[in-house]
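Structures given as structure tokens follow.
Each of the next two complexes has subunit A plus one more chain, namely subunit B in the first and subunit C in the second.
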Partner chain A sequence: MEALSLLQWLIDGLIGIGLLWLAWRALFCPELFKAIVLFIAFGLLMTLAWVRLKAPDVALAEVAIGAGLTGALLLSSWAKLRGFDANKGMGAREKNSEQAEQKTKRPFFHGLYAIPLLLMAVGLGYGVLQLTPYATGLSAVVAENLDASGVSNPVTAVLLNFRAYDTLLEIAVLLLALIGIWSLGIRPSVREATPDPVLDLLTRFLTPLLLLVSAYLLWVGAHAPGGAFQAGSVLGAAGVLLILAGWRLPLSLAGLPLRITLVAGVSTFIVVAVLTMLGGAQLLAFPPSQASLIIFVLEITATLSIAAILAALFLGSRPDHSEKI
Partner chain B sequence: MTLSDYLSVLFLLAGALFFLAGTVGLLRFPDVYTRLHALTKADNVGLGLIVIGLAMQAESFASVGKLLLIWLLVLLAGSSISHLIAKKALQKGVRMWRR
Partner chain C sequence: MSIAILYALVGIGLFCLGVYALMIHAHLLRKILALNIMGSGVFMVLLALAGRTEITPDPVPAAMVITGIVVAVSATALALALMLKINAITGRAELNDAEEK
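After this line comes the complex of A and B, so read on.
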């Protein structure tokens, strides 16, 4: 078994060094496109690292959101930026002179950046030194109370019961990001495009499969790795694929029905929070007898909302506004 | 080590060889079309061999089915995306490499 553990050390070491190297390259790559591709590769390697750390829930979320959807978002913004530069030659020239100006000022700014970074490093180091060397963590407490949570997967129990307000805030952050993008008022393209026949075929094959995987991840989250965020991002990926293949949301659905879907996750959370407080309990403290049902309802609405928000983020503009402009 | 273990190792090594060759091709070939050609070898055959090697070690038919499904999905996505990249490159007028 000695050789096997040596091999595992080797693999873990390679993953660790590869992560640092990819992060370094992605940050210091002058070409934006290359940096984005490196970032996606970083996300994939990070997924492997989470798998090695025996955290399949995080690995699923990392590969679906960190590498997949964030990569798609970055690439689509890159494509938009490129179109912007090509349209405005003036803007590009101004940028060049700005860059030249920055170049002369660079050493000075670099010196300034070092101060907060050093302070942060000292603070973090101090914090780490203050930790008790053998912390037991909270896993024992979670395991003790798992029966009362309504689900048997400890990760889901933490995310949707013990610390449900974290998930509430995460969905709210996603919604806020979308509102921010919509308020920029970029004109969207609502016209349906005729896709490449191969892409069309691929989309027709994959969309039902992605729906199935998403529903499975949602259902299995109660007792195995999976859950709302993973299911939502897979569903959102189906939306991104449909958008890429030229499909657009019918205008009759792009108004109120879309908005209701977008806010369903957060509003269900808030309604449940208010109800639990009216019942005399703490914020989002579910009664154990109904916890399972509450978590299931929360997860369904959260999945739909997350998927709609992610696909809408990819589209990058309000789909109902185009005809009026 | 039983016979199936040895066969597994053989298939896995053969798959790794295809991946190595595909990667070297991706790095060394002169234009986008030949690079795609190199990549498809790693994706299609290399992954297929690795899936066969892993399927021999699988505990149940369900996991064999999952492995096969992964391979089929990669085949579908890989070939479609290669086609899209090559088509876009042709549209943009990327010249084919000539000796």
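After this line comes the complex of A and C, so read on.
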């Protein structure tokens, strides 16, 4: 028993130190590309930390979104920045930006910045150490009401029943971010190329598998770790893979059908919210007898919308424009 | 000190590292990385404090963190698009006030 707990402390200590070290390297190593790769590694180590903190739902979301999609987004933006630099007379520009980075390094002032930050860290740490070592929070309340929620996984119950309002707004935020990107009018990248045969073959194998995993996560979310966000991000990752392999949405689907998929999640949520209010209940207060069905419908549309929005975020420009090239 | 408190302290460390990097770097991609690490630190504090129990941890912070991760990725995507736009207009992936001093 003693040895086991020592081993656990060792693992947790290593994960903690590894996280801080990776974060430090990701933030301060001089090469941007290396920094991004280190950040992806940081996301993967975060996943381990979530598992250690007994939050497998969060670990699933982190590995698909935090490490996977964010990493892909950062790398593709980095490649676009470099492509831009290369277009504009290579060497001079790169040197310029390096000089600019050198110029802004003023170690003396940076040391001064560190002092209030250290004070802040000490204050926050002191605050955490003052907290009671044991607290159950709201888990008892959630467990009491779990039977009425329609699902048996407490995290899904919170996300789609008790705090469904948060999830409604969250999908709205995703949609807003996409509208923001589309309204910037960024020109689509013209890298229309025949995909690498290996990548092409890999995509053909992986896409059905990702579809299957996504459907499984969606279904299992009702009673085990999983759910709409994890399923949506796996499906979105399949979309990202297809985009990387050079596949594009056919023009006939890039217009209205795509837009309907993008807004399906949030509009289903709003319809359900209005219906519950018309039924005399509060906003998004589901009747216990139908809660299971309502949650399932919400999750399916949310999964499709999240996947479409995430893939569109990765594409970075309106697909109907890029089709014309 | 329990394991939950250890992770909460790591989370605070990550947050402060992120704030520091956000202040000293001029390059916008680095600022976006720093914001993401700050966010991870906050999530870690939230979940670590939810784990201060012997039985199953509080599901409410876990749900909040899942929501937070999805919001963070959409904010990152928007920030990266803005960065590319700034780079296309000014030729530099930095904000203007960096060169005034």
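One rule holds in what follows: the second predicted complex is superposed on the first by the 269 of 325 C-alpha atoms of A that agree within 3 Å, B and C clash if a C-alpha of one lies under 4 Å from a C-alpha of the other, contacts with A are read in each partner's own complex, and residues count from 1 in each chain.
The definition used in the following text is that a residue touches a chain if its C-beta (ideal position, glycine included) is under 8 Å from a C-beta of that chain, and two chains touch if they have at least 3 such contacts.
Since we're looking at a predicted model, the values are computed, not measured.
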| item | value |
| --- | --- |
| Partner contacting more residues of subunit A (subunit B vs subunit C) | C |
| First (subunit B), second (subunit C), both or neither touched by A:L75 | neither |
| First, second, both or neither for A:I270, with subunit B first and subunit C second | neither |
| Partner chain(s) touched by A:P133 [first = subunit B, second = subunit C, both, neither] | second |
| Partner chain(s) touched by A:A41 [first = subunit B, second = subunit C, both, neither] | neither |
| First, second, both or neither for A:V51, with subunit B first and subunit C second | neither |
| Which superposed partner A:T167 touches (first subunit B, second subunit C, both, neither) | second |
| Contacting residues of subunit B [partner subunit A, same complex] | 73, 76-77, 80, 83-84, 87 |
| Contacting residues of subunit C [partner subunit A, same complex] | 1-10, 12-21, 23-27, 29-30, 32-34, 36-37, 40, 43-45, 47-67, 69-78, 80-85, 87-88, 91-94, 98-99 |
| In the complex with subunit C, residue positions of subunit A that touch it | 8-9, 12-13, 16, 19-20, 23-24, 26-28, 32, 35-36, 39, 42-43, 46, 49-50, 52-55, 57-58, 61-62, 65-66, 69-70, 73-74, 77-78, 80-81, 84, 88, 93, 96-97, 100-101, 103-105, 110, 113-114, 117-118, 120-121, 124-125, 128-129, 131-139, 142, 154-155, 157-159, 162-163, 166-167, 170, 173-174, 176-178, 180-181, 184, 186, 227, 229, 233, 306, 309-310, 313-314, 316 |
| Residues on subunit A engaged by subunit B in the complex (per definition of touch) | 196, 198-199, 201-202, 205-206, 209 |
